Every structure is written in C-alpha cells, then in structure tokens.
Amino acid sequence: MREEELPYKGIEGIPIIKEPGSASKVNRGSWRLVRPVYDREKCTKCKICFTYCPDAAINWTPEGPEINLKSCKGCMICVEECPTDAMTEEKEGT
Amino acid sequence: MREEELPYKGIEGIPIIKEPGSASKVNRGSWRLVRPVYDREKCTKCKICFTYCPDAAINWTPEGPEINLKSCKGCMICVEECPTDAMTEEKEGT
Amino acid sequence: MKQTLVTGNEAAAWGARLARPDYIPTFPITPQTECIETLAQWGADGELPDTYFDKMESEHSVMSAAVGAAAVGARVFTATSSQGLLLMHEVLYIASGMRLPIVMATVSRGLSAPVTLWSDHNDFLDQRDSGWLMFHAENNQEVLDTVIQAYRIAEDPRVLLPVMVNMDGYVLSFTDEPINIPSPEMVDEFLPAYAPAHTIEKGRPITVGPPVLEDYSIFRAQNHVAARNAFEVIEETQDDFEKIFGRRYHMVDEFMLDDAELVLVTQGSMSTTAKAAIMEMRSEGIKVGLLRLRVIRPWPAGAIVRALKDAKAVAVIDRNLAPGKGGIMFPEVVETLYHLDDRPLVSSFVVGLGGNPQTEVKIKEITSKLKEDLVSGQPRVEWNDIEEM
Amino acid sequence: MKQTLVTGNEAAAWGARLARPDYIPTFPITPQTECIETLAQWGADGELPDTYFDKMESEHSVMSAAVGAAAVGARVFTATSSQGLLLMHEVLYIASGMRLPIVMATVSRGLSAPVTLWSDHNDFLDQRDSGWLMFHAENNQEVLDTVIQAYRIAEDPRVLLPVMVNMDGYVLSFTDEPINIPSPEMVDEFLPAYAPAHTIEKGRPITVGPPVLEDYSIFRAQNHVAARNAFEVIEETQDDFEKIFGRRYHMVDEFMLDDAELVLVTQGSMSTTAKAAIMEMRSEGIKVGLLRLRVIRPWPAGAIVRALKDAKAVAVIDRNLAPGKGGIMFPEVVETLYHLDDRPLVSSFVVGLGGNPQTEVKIKEITSKLKEDLVSGQPRVEWNDIEEM
Amino acid sequence: MFKIRIHGRGGQGAKKAAKMIGMAAFKMGKQVQDFALYGAERRGAPVMSFIRINDAPILERGHIDDPDVVLVLDRTLLDLVNVADGLNENGMLLVNSQHEPILDTPAVVKYVDATSIALDTIGKPIFNTTMLGALAKLTHIISIEALNWAIEEELSHYPKELIEANKAAVRKCYEVAK
Amino acid sequence: MFKIRIHGRGGQGAKKAAKMIGMAAFKMGKQVQDFALYGAERRGAPVMSFIRINDAPILERGHIDDPDVVLVLDRTLLDLVNVADGLNENGMLLVNSQHEPILDTPAVVKYVDATSIALDTIGKPIFNTTMLGALAKLTHIISIEALNWAIEEELSHYPKELIEANKAAVRKCYEVAK
Amino acid sequence: MQEFKNLKDLPEQDYFTGGSSACAGCGPSMELKLALKALGPDTLVVNASGCMTLLPLYPNTPLKVSWIHNAIENAASTAAGARHGLDMLGEKDMNVVVFAGDGATYDIGFASLSAAATKNERIIYICYNNQSYGNTGFQWSTATPYGCETKTTPRGKDNPIGTTDVHKDMMKIMGAHRVYAATASLAYPVDFLNKLVRAKERGGFSYIEILGTCNTGWNFDPRLTVKVSRLAVQCGMWPLYEIDKGLLTLNKDFQELKPIDEFVKIQGRYRALPQEGVEKLQALINEHWAQLKEYNGQRYV
Amino acid sequence: MQEFKNLKDLPEQDYFTGGSSACAGCGPSMELKLALKALGPDTLVVNASGCMTLLPLYPNTPLKVSWIHNAIENAASTAAGARHGLDMLGEKDMNVVVFAGDGATYDIGFASLSAAATKNERIIYICYNNQSYGNTGFQWSTATPYGCETKTTPRGKDNPIGTTDVHKDMMKIMGAHRVYAATASLAYPVDFLNKLVRAKERGGFSYIEILGTCNTGWNFDPRLTVKVSRLAVQCGMWPLYEIDKGLLTLNKDFQELKPIDEFVKIQGRYRALPQEGVEKLQALINEHWAQLKEYNGQRYV
C-alpha cells in the first residue's frame, strides 16, 4: 500500500484487548493427547480438580465439576489429584 | 576543519589519564579564603591533621606535618581537629 | 498573563503546572534537575493540588511509572536529560507503541563517554526512531508554550502519541529570560481535560501491552500514521493557540528566507544567535536566511521543501554526531530535497559538540564557507569548531 | 576446516570460541539465547579453557561488565537482541567513547510495544549513532567469519572501537546451514593475540572514563576518525582473510549490478531471497541488480556511489521504521547519491516489520513497482507488505 | 530443490527430525537448510519444521508452502491442521499411523507405524528419528548410511546403546515402509 | 545592548546577583537575559555570571567576552582571574574592596566596601545584593526602585526583616558609591 | 475481608479462562487463576516479561481483569505509576498486583522492586518463582537452586553439578525492606489466598513469592504439578512462612522433613546430579529449615 | 595483612593527591584517601557517577591508583567484569574496589549491586553515603534520613517535615545477601581501615558503607566535617557495626546516646524541622539502636 493510502484506525489501531476472557474461544483442546473423563458416581464434590485445573477448564456447577474440552490441554492434574478416581485418563484419537 | 583533514591521534585520542596524581599540579589554593598556619612548637605529631585533611594537602615528614598550599582549599578541618592549637586560621588576601 | 524572568527549566515546569498533570515521576540529572526541583517545591507549597509528585530510583523507572500511570488514564509529565534519556530508551518505544500521550521535557546534554555536562543534541536525536513526536524549542517562551501544546497534540484522538519537548542545556535550561506565563484560565480554555482513549477502571477490564504475531506491522504502521496525523493537529493547535495567546509556531521556523540564496538549517537555541548574525550579514548585502527545524517528528518534509526549494546552497548545521557517519540531520534534510529538479548544493557542518558555543562569528564563518562551496560547486563536510587537533 | 550444519546462533558462538575471548558476560533473550547456551555448554565441557563465562542479571549489566573487562585489557564477547540491546543502549555509547574493542553478536528482533519475537532491523539500526562499527551478515557463514574479522578490525590500533555483528532472528539464528568452521590454528594465524592499547595492571595506574570539559568534541571527532579509519582496516583484513580462508567480503555486496537499471538496496538475510528473485527476473530480461549493505558503520558512501551511480532507479528496502519519518536507511542512501549529476530515482519500501516474510514474489512486486516509478518519474513510499488494513 | 515439511507437536522432536534430515543430506554432499517455527512449541501444540535440499546453494528462505514431501509425526494432527497444504500430485504425504489415513489430497499418501517400531526397538516412543527410515526408503533423498551418521552426530552426548537402538529403529522402519 | 559580567566565588551568590540585576532591568521594561556558568561552583572556586540588557529582544547567547561593566564580588579574585578581560576604555570595573584596587585596564575602576556595609546593615556578609546599589548608582542601567522590587521578589520566601535589611544595605551602598 | 477456611470455602468465581498458550499443567497459570479468586474483578495485574506475558496473545486473553505488560525489568515501577494514576483518578479500590517471574524479580527488575518496597507503595507483588528464566527456555537465574541443570548452567565434563551457586535468599532480603513478605505454594491454596487477603488488608507493599512449579523447565510429567509442589514444601525446599515487620511465622511446620531425594529424583533438571550434589543440597535445606524453626515467632530479620 | 592499632599506625603513604574539584572539607574525598591507605597501590577503583566522578577531570587526576568510571547504575557489574578480566589476565592480586554514592548504591544501581553480592564476586564495595544525590545538588535518595530537607523533598506550606520517608535499611538488606557488611565513619579511621583489611582478607564480596559527611549538601561549615561525623556515631544516627554471615558485632558501643538534637541543630538541612519531627527522628534512632544492642554478638539477619 502506498504510504499516503494507509488508513488511520483510531483505537482499533492500538494494541489493547478490550474483550475480557476472549481466549476462552480458542481451542486449546487441540493440544491434548489424553483427555480426562469424569465419572459423576465417584465424585464427592471436593473441588480439588476445580481448584487445581491450571487452565480453568473445569467449571464448578451445583452438580460438580464440568470439563470444558475446548480449554482442557490434557495435563492430567485433575486425574492425578482426584481422591476418588472420579477423573480418569483416556487417549485422544488413536 | 574539513572532515577529511581531521588527524588520527592514536592513543592520545582516547579519554584516559595516564599520569597518576597529575592533579597535584592544579592550584586549588585559589579557592582558599582562609589558610591554616602551622606552629611546630605546639605540635605533638599526633597525625590527626594528616589523617583528616580531605585533600591530602598535608604531607607527613619526620618533622611533622607539612602543608601544601597549592592543594589546601582552606577547609579548616586541620585547625578544628588539632588538639594542641598547633594549627591556626588566617585570612587570605585582605 | 504574567511576564516573568524564568529559566528554561522553570519554563518547562510552568508548562507542566498549567497542564495539571495527574502524575509526575522524576529523577535528577544535570541540567534538567532544576525543573523537577521547581515542581517539588510547588508541591510542598500546595501549588499542585491535583498532582502526585513521585521520586523514582532511576530514569528507567521514571518512564516505566509514566507508562503505568498513562496506561490507566492519567495525564503524565516528566523531564530528563542525556544519560537519563538513554537509560529509559527501551521504555520510550513501549510508551509510543502503547500510544500513551505522555509529555516529557528533555534538556539536551552531550553523552558519555567521556562525560560532559554541556549541551549538544545527540541525546535528543537518539530518540528519533522511538515513535515519539519531537519538538525542539528555541527559547524559554517556546519551551513553556510547547509543553502546553504538546498535551493538546498528544491527546488528540487522531494522534495519541507521547511527545518530547527539547531545550538546550545551560543555554536555555539555566538562562533567565522574560516570558509570558499564561493564566491557568487561559490554559484551561486551550487545553481540555484529558479524555483518554482507554482507561483502567472498575468494571471494564482491558489488557494493555499484549504480544502480537501477524498484526505487529499493522500496529507499527498505525504509530506512523498517527505521527503523520500530527501534521494536521499541530496546525489546528496553532490556530487555537494563537486565538488565545496571540502567539503562533510553525513546523519549521523560517527566517529571512524570501530571497535567500544561502540558507542555514539549525536546531534549538543556536538559531537565535544565527538570526542575529544573519541580520548583520543581510546588512552587508549577503542573501542569507535560516530554517530552524522545530518539529523533528513527524518529519515536516513538505514544509522543508517549500522553504528550501529556491535556495542555491544550504548548510545543515548539526550539533550532534553519528560517528562513522556524520551529522544526523544532514541525511534527512538532503533526502527531503533529493527529487527537486533544481536542487541546492548542501554542505554539512558539525558544530557545538559538548557545549562548544555557537557565536555569531562562527555562524558567519559557516556562511562564508557555504558561499565558497556555492562558487566551487563542491559541497563540504566541515567540523566548524575544530581548527586544530 | 570443518564443514558443519549450524544455526546462526551457533555460528556466532563458533566465531567467539575461535577468537578465544577472556570474558563472556551473558543474559538470555529470544532469539539470541541459543548462542550463549552453546557457549555455556562448551564451558561446562571444558572447551573454553581461556574464557570466563558469566551470567549477569540484565543486559545493562552485560554491557557494563563488558566495559569493565575490556577496560582492564581483556578480550570480550557477548550477544543480545531486541529489548536487551535497547536496555544496554546507554552503555553502548560508553563502550565506544572509551574506545573498547568489544565484539557483540546481535540477533535482530522487532521492538516492543507491542511485543513480537520475530525479526526486523529496528533494534540493530537503533544503535547507529552509538559509535560502534556495525556489520550485518546475510548468512551463517558470514556470521562466523564476521565475528572473527570483527576482532581484527576492532583491535587494530587505527580503530579501537567496539563492533556489532548482526544476523536476522529466526531466519538465520534458528536456521541450520552448512558452513565451514575454520580450524583454531588458522584463526590464530589470522587473528593475533589481543594487544590492548592500554591495560589496568599493577604498577601502571591509569584513569578510564574521566569527565572532560573543552576536549569533549575532540574525543568525539576521534571516535569518528577511528570509525572512518576502519574503511582501510576492513579492506586489509579481507586480504588476509582471503589468503587464509579463501573467502572475501566487501563493504557492500554487489549482485548483478554491472548493467542494472533497477537496483534493490537490501540488508541481511532477505538479500538471499532477493538474489534468487533477481536471477529469475534477469532470465526474463529485466535489468535488475542488488546492493546489500553489509557495513552500516562506518557508512561506506564511496562504495555505494560507485555501485549505484549508473542505476536509473533504486528501491531502498527498509525492514525497519522510524515512525513519523519512514524507512531508516532510505535517507542515508539517498543523501549519498544527492550530488551526483545524473542521479537515479529512489523509492522507499518499508517491509518485513515483525518478521513478515520477504519472499521472491514480494521482491518481484517491489521491482515492478520500481519500474512503474521509473516510467512515471514519480518516486514512491510503499508499505509493501500491507495490502489492506 | 527438494522441500520437506514436518508436522508434529511440541515435544515430539519435529525440529530434531528436520536437523537430522538436513545433516544426512548434507553428508551426501547436498546443500541443505533446515529450521523450525518457534513461538508456540509448547508440549502438544501443533508445530512445523522445514528442510530444503539442493545441489546448488539455497537461496530461498522462510516457510515452505509448496513441499515435495510432508511428514506427519502424529496422526491426531490430521484433524487439526491442513497437513496437505501446498502438496501437488507429485508430492508425498508420509504419516506416522497404524492404519491408512484418508486424506483429500492429490499427493501420494503413505503411512508407517513408527510409534510401534520405536516402542519395540528403542523401548520409548522416539518416533521422530524412527520415521526417517521410511522417508529414506520412499524418497531416496537421504540414504540410510547418511542417516546413521546424522544420528551418531546428533546424539553424541547420549549413551552408545541409545544411538544403536535409534539406528535399529530407523532400519526397521526403512524395511517395513512401502 | 548592555552587558555585565560578574566575578565571584562559589557560595558568594554571583548567580543570584545576576538574576536580581536582570529582574530589576526587566521591571524597568528592558529585555534581559542572565545566566551563570555551571560546573565548578564549589565554595570558594572562582565563578562567573552574566547579564545582557537591551531594548530590543536579545539574540546573543552564551558567555560575555566584551562586557560594559564587570562586577567583582571578592577582591582576592583580582590576583587569580583576569577580571578586566574584554573591557575597553568605555567600560567599568566595579570591585568589592576596602581600598582602591590597582589594575591594568583601560576601563574606569571603581570600588566599594560592600562587605562592611552588609555586615553593618544586614549583620551578615551578603555583599552580592549589597553591591548592586553601587551598580545602580554608577551605571543607571537599573534604578534603586527596580532593585528593591527585585529583592522583594527574589527573597519572598525569606523573613520580612531580611528583605528590609537587604534593601537598606543596597541603599547605603548606592549612597556611598562614587 | 475474611480469611478462607478450606478448599470448599474458596470463591467459585474465576477471573481467568482457558485458551492461553501456556504449557499444559503450568503452575504459574494456576497460581494466577487462584490469586484472582482472592483479589476479585477490580484488579489490575502488572506483568513482567516472562512465560505469563504470553497468556494474552493479541487479540485474545484469558484474563477477566485488567492487565498491563510493560517490560521485564520494570513491573514494580509500572505498578507504582499505575497505583498513583488510579489513586489520582479516584480508582482507589482497584488492586494493583504485580505478577512477575523470578528472573524479573530477583535479577533484572530488582532495583525497581526494592524501590517500590522501600517507598511502601500500595502494591501486592507476587513473584511466581519457577527458578529459572522459563520463557527463554530455562536458563539460570539467581533463584535457581543449587544442583539443578539449566541451559546456562548445564552439566558437562568440567562441571557435574550444573548450578553451583546457592540461590539468593529473597525472603530475607524483602523482609529487611520492612514489608510483609510471605512464601506460598499452589499445593496449599488456602494458605496462599489467605496471604493475599492479609496483604490486601494490611495495605502498603507486600511481597508474596510462590513456587512456580514448571513441568516443562523442571522436566517432569505435567500431571505431577501439584505433587511436586507439595513435595517441595514437605522436603523443606520451599518452606511456607511469612515475615511481617521482621517477625517470622512458619505457616507449615513438620516434625521431620522428607528427604530431598524424593523431590530430586522425579525431575529431569536434577538428572545425573552426583550423590555429593544431593548431599550438599540436603545440607543447605537443613540449615535453612533449622533457622526457620529456631526463629519461628521471633524477630527473624 | 595486619589490622591497625591506632592513628599513628596507619600507613603514611597516600595514593591520593590534592587538586581535585571536590568541595573544601569534602568527607567522601577524605574517605577515599583513607581507604587507599589500606588498599595500597595495586587497586582499581570503580566509580559510579556522583560527586567523586569529578575527582579526575581530564587531563588531571588526584589518584595514584587505577580508576574506571562507567555510569551511575552499573558500578558493581563494571567491577565484576573488571575482576574477571583481571583474573583471566593474571592480575589476581589487584584489589577491585567500588566507590559509589548512596544514590548509585541504594537506588539506580541496586540490581547490579545485589547481583554481584549474590554471586559473591571478589569485590570490596564501598558506599559513601552522603544521604542524597549530592552531585546534582542534594536531592532525596532512599538513603536520605527522615526530617531533612532536600531539593526534591523541600519543606513547604504543605510539608513542614521535608523528607517524610524513612530511609532504606541497607545494612540489613546487604546482611541478608550473606556477605560481609559493615558501617564506618571518617571520624573513626582506624575502625574503617581495619574493616577494609578484613574485607580484603575475607575474599568474596564485601559491602562497607561509610557516612559521606557532606558540608555542602548538609549545609554546615566545612571545618566541622569530622565533628559532625563523630556526632553522627555518638547520637546513634550512624552506629558502627558489622554483619558477617548474619552475625552482628557492634563496633562502637555507648552507655547512652547523645540526643539527636545536637546533630540536627548544626546542619542547615534540618533547619526549621519542627519539634515533632525531631522527636520522630529520635524515636527512629532509639528503636534502631535498641535492636543493635539487643542483637550484638548474635544472629541479626
């Protein structure tokens, strides 16, 4: 583009992010090689998995944890820390 | 000077000082408004004045202190600290 | 409007005071310190009720704190010089890249090594890639006026860029000159309260300064476009400024250019001396004039071409040096004239490094050398202060 | 001589290793870190017996320690990039002002804000007033060779200045290319043990870095003259280098210029792609050539004039930006051609900011735009990577 | 010029694989260039690396958009990334997979179960080197000898057994690939 | 243009004196400029300050090499510094001294014992302001009224008594100077 | 604000979402998530360049609070400027919280941190200490512990130990700044959040250092992030304590520490550390632990 | 090297001459002169920008030892580089000594100092503390004590106190760096020189802070430089003590401190400090002194 044609974009031309939490739209599930699988039966709602999920991929609901597989990178911390084996590991794809 | 004529001065063109203690040649006596006057009679050679002269304007000799009036700025520390009044103050000029 | 005898440092402080900044982070450095001391005393005396005066531990932190405060939406002023300006160098790019309209007075002083306390323009010009707008004042009145104008320009939604207002150390910073100190009311009329493009406040979380991937060049281009928008904003600002204060400044300052065959291109306070010399030379029939570069960024190419297109020979007088290259402004001025059909001869003069005074005599010397060049048709590069070495 | 596949970072590390520096102060920064990691591993493996590898707490301290060590007479190497280069900016002027022949590899990366990890040349060119000699390599072999040459040039008694050797981040720093790694014996033959102009040692006290008053401009002028002396020293160095290693470099790199009507002026690694594009365009009958700026400081005006004087149109391709001005090298190149009787048209192209890749296609685009300009007689300023915004 | 693009995930050694291909070709007297895209090589994140191989010095730089061969180290990427991008009917796509991948590409699609071979031979899923055996067999752009040399050089800091195991895995992969 | 150079010692207020002259002249409607050389103003060290006074705006800058008047605040400087440098026969040299200084200059040499006057009147050796009374009398470049105004402005942070004492000293000095 | 009693008592609201480009299992990410629970929505996080800088990546961010990234060496001064700016603009209730790595904190930004602490600026400074320059690929910082391998302190023929320096005792140094200083661990989230509550209530400057357990740099399976963190506390490698006006409180006491070997053997960064190295490391830990035990409840610095 | 017994025992040789442009009666100049007596001719002084930078003024210098001035913020790292350079070049016997002001030390250069101390570089760092940015004309630094007036903390209608901040406790902070740290005074030269001897013998990094009595900035008659310095010690404003591996030794004990008033009233920088200010200052001193007394001979930090 010729220099004289460069448009001025006002605030859109400033490197700030105005939408809080917009990254939740990003599919980080694509990084996952293994996935956590939740078994409501075994769950005691202790909140451990919820607390320790580093990617806030576990939401807390009145029914207990809810895994957001878009955000879950498959670190397996929830699986490792769940005291009742209500979270278990499963391979992605094949 | 035209740029092409600027000579190269080698090490002389580097901002270092190679002569240690060269400042002793500078006449800082010019700053003095009052001067210390030494009275050998009263001196006990305690070295106090020698120690405390901030400008190293007092040399130590076997005969006691020797004031270098070229370096002495007339701070009067030696006068103030001399325990025997062997150093006294005198006005410069008139 | 109050007429008073003040130094350049005090003039900058007055400019700041009248602009009512929210925050002033500071660090001392000669020859700037008097500016922040003046503000500190006003603060202690209760004269800056809307301002937090802060003492930082380095210039790097001064500019960092300025960025922090400006990013949340505060109006910020600071001042520095020389080594301090270089120490905050990295953060200057960040301030402009974030498009924060900080205003900073800089007081030019030569750079170490070796250490000097005296003035040249290397420190200021060292910032010419940083994305800041850059003004260089000729005298104390212009210092004050430009600080006030700087806020208008910086905060304009078409611009949103930080601004540096430079004055020469000693020759301005420590020299008393009589100047008009505008009344707060008039300044309030000229300079509206700051309405930031974005702020940090409760309930509207934003992220400032994230990394970017592909869009990087777009943000850089926007910094450039914003700087070029300043052309228009600077002109408009002058209109309003003139309406209220009766004075006006230009992108470049033209002096006796109308029929000038020889033109001296200068910056800063030496321009005053040069004007005096030119008046004398004019009385001797020498057709000489002067172009003072007041705005360095954005680079006023149009104004420069208009001013120099009829000249026969131009001397670019650089009070600075890029070792291994030469005077810093020389290439920019020359480039600007390159595509003229009938371009003038341009010679380069490097002068006044580390405070070497630029007297009328020296200006006349430069002029007669330029005349020689015109006759010989050979441009020169001259270290005008150095007679032997 | 050993042929190996190494990255640009490793090539710089090899250059350093072969120069046997006494001291290497370091700090990590992408995309440079691999260079110092390589040196660290060699150190741990006992491969750098004559070198103290130091881990500093910032780049500011890296350069400060480099100055300290060089001032006592040690041979010093370091490497940095981007924000790190800017953080040490103040101290760069001190290193050159003290005339200390430090060698530093710089790995170009765009500057914050906003943060990018990718490459452009703003960081490197930001140092062009600093008094350092500046080389910009095109490929990994040149990186290694130039580091070794840099010591010869820096330490020459006619020069005594620090040298920066730049490579583009990612495109060179992280790319494996096969290069010749010279044997230590050959390098020892080429590069004598360092004989500093002054050292700090027992029995000969000296003072380094005192303040000066009137003599300031003389020391600055000496820095400039020393940088210009480097022209001669660089040429001589090439002779010896060629004798021993069979390769040679020039102040500028000329490619297919002999009958070129259109000339592209480039820097760094994109020159390789440009050469490929030029070969193709040549096969289509387009008379285009390339001038690569290898040495930025001292500025090789003579070589540039010689290379460009017969061109009809020149495109200066700047992978950098001074916001509010434009491409940084453009004014310098244009100024250099200003007084030619028959000067070419020169257009400015700003490209590749923050790592935008410069493909052959883009180079061809630039060339055809330049051709248009030649026809229209109107030079342009083009942001060649930006198609819409 | 012969161009190879490798798709993998952070932690799978796509960079190392590129380097080894480069070294092997280099050993065979070719001009080579290899590099990886930096920036997002977090464990599991899709990454790419690139190799150019030529007789004459290589003047091209940067990403490879028109590869001759694409190597896919992890078949789960097939659903995430358009690995076949830029491949034409002369090209080849080589996937580490237990079963034949179905892909919409004019190029030849090959697969090899490098993970199993690696687990069998090395005892660890070092499939980045292993797969190179298949590349050697199917393209001839590098020889198995040159590859062995590259492995020895690149792993010289590691125990001898590991080097030998890698070489064995490469050979095995070479043998089974078709 | 009227040019004044002041010689003093660090700590004696040469800068302040220059400012006051400038203010007084400015009060009288003149264009003025005043400044001090920085850098070596250690207590006792010889220092200089400068004032330019004009009807038209002042375009000159920097040191004054050709003064109309030179003020010497401390007579011991006479032996150290060429205070008369640049003075011609139209110039005047005004020295703070108890007795007539003997100097090799074409200029008129005047002296006044400002130190004694200051000690008598203010009780402190504030001879930098005091001496300005003599300057006013002998040159008419500033009036005593303007000087009083300058003193009030400049010392406004100080106690009223001090201001009055300074004014009295200036007046006394004005009276005795000849 | 009340202190929290247990995990269930922690706020359910997160001001941090997924979608960042941090590694899977990243300790510092989790720590930021947890911190924001205690700090709430009216928070400005000032970040120093490091791994966490890549959480927001234009045009996306996982943050639901405000965030400024300036550079690596100036988080504390940026925060000070932001604090005063907010105060002058009437936003006194916003929390200003630094979130910076150990390199930014211990090394390159230490002058800026020390000055803000000395001036007692109303800032909570959280250092997530992953014991290295993580973002550049795990190089040594002055927070790197003895005996672990980094890219600039690698093991090699001439140096079997890797890092031979003993890390800077930052807690003692910050304690000497007369501010509130505390250590924390992601394995003890209630303790961590309560320290934030205390810092906030207390006003002025506080320094909280949390072990930034980093599976990538330390080279262990990400699933073990919490286990490794807990072990660090249990081995005495990362004791939990606070210093307020010089007074020491050990928040988590143990009759006996677990041997450091347990911590060392599960991390790649200690791989091949010779036995003598492990012993020296154990000795360093014992010495520090003994001092903390001795001065618990007393003036410590 | 032997320690010195008394004034007469001090070396007669000076490696410092007159002719500098420092003020008459300058404390820091005297301190450098004294230090060089203990350090001897084979010394490299690394200076940070400040008053002392003007000792050498091209082409003259009062120094008979080597000297490097780099910038204000990097004396410690410059010294570290010089140290390693000298070591590699075989000049291991040269002393590398920093001589830097409080601004350079406490503030702008603190990251550099802290890193050199953490790495235990073989450097003696002397901070001459004139409690201000002296060279720029007496502005506030974090070493400026409560209640005194500086150019950036002036008294005024809204602030009768001047400096309202309490200065940074640098000794405690440096003590927390595990190095040898000591205070000194020009009024006690034997003590000062012996501390230098100890630092040298000890090897590694040592930090010695000497009150840089400054008649110009503090505004008193230069003749009183020694008296004011002595009074600072006797009033407890500048206690003489050392910290080695955390252990405190009070080098100069007093049964009773002189009232701070004696110190305050002879200096212009305290002029017009209201009585409440003097009392607060006295309280601060008492508190510090009591702590030093209490921990004398014990672990202090």
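For reference, chains read A, B, C, D, E, F, G and H in written order, and residue numbers begin at 1 within each chain.
Here, contacts are C-beta pairs under 8 Å (C-beta built on N, C-alpha and C of every residue); 3 or more make two chains touch, one makes a residue touch a chain.
Just so it is clear, the structure is predicted and the values come from calculations on it, not from any experiment.
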| item | value |
| --- | --- |
| Steps needed, at minimum, to go from subunit A to subunit B via contacts | 2 |
| Top chain pair, ranked by how many C-beta pairs fall in contact | C-D |
| Centroid comparison with subunit F (C-alpha atoms), farthest chain | E |
| Interchain centroid distance [CA atoms averaged], subunit A/subunit D, Å | 44 |
| Approximate Å spacing (C-alpha centroids) for the pair subunit A, subunit E | 31 |
| Distance from the mean Cα position of subunit G to that of subunit B, given in whole angstrom | 54 |
| Per-residue multi-chain contacts in subunit D, two or more chains | 30, 57-58, 83, 87, 90, 94, 97-98, 112-115, 117-118, 205-213, 215, 218-219, 221, 224, 226, 326, 383, 386, 389 |
| Where subunit E touches two or more other chains, by residue | 39, 42-45 |
| Touching two or more other chains - residue numbers and ranges from subunit B | 6-7, 9, 15, 17, 20, 31-32, 73-74 |
| Chains touching one another, given as label pairs in label order | A-C, A-D, A-E, A-G, B-C, B-D, B-F, B-H, C-D, C-F, C-G, C-H, D-E, D-G, D-H, E-G, F-H, G-H |
| Residues of subunit F defined as touching subunit H within the complex | 40, 42-45 |
| Residue ranges of subunit D touching subunit A (in the complex, touch as defined) | 113-114, 326, 350, 380-383, 386-389 |
| Contact set on subunit A toward subunit E in their complex | 30-33, 73-74, 92-94 |
| Complex interface listing, subunit C residues touching subunit G | 22-23, 25, 50-52, 54, 56-58, 60-62, 64-74, 76, 90-91, 94, 199-203, 205-213, 215 |
| Contact set on subunit E toward subunit D in their complex | 18-19, 22-23, 26, 31-36, 38-39, 58-63 |
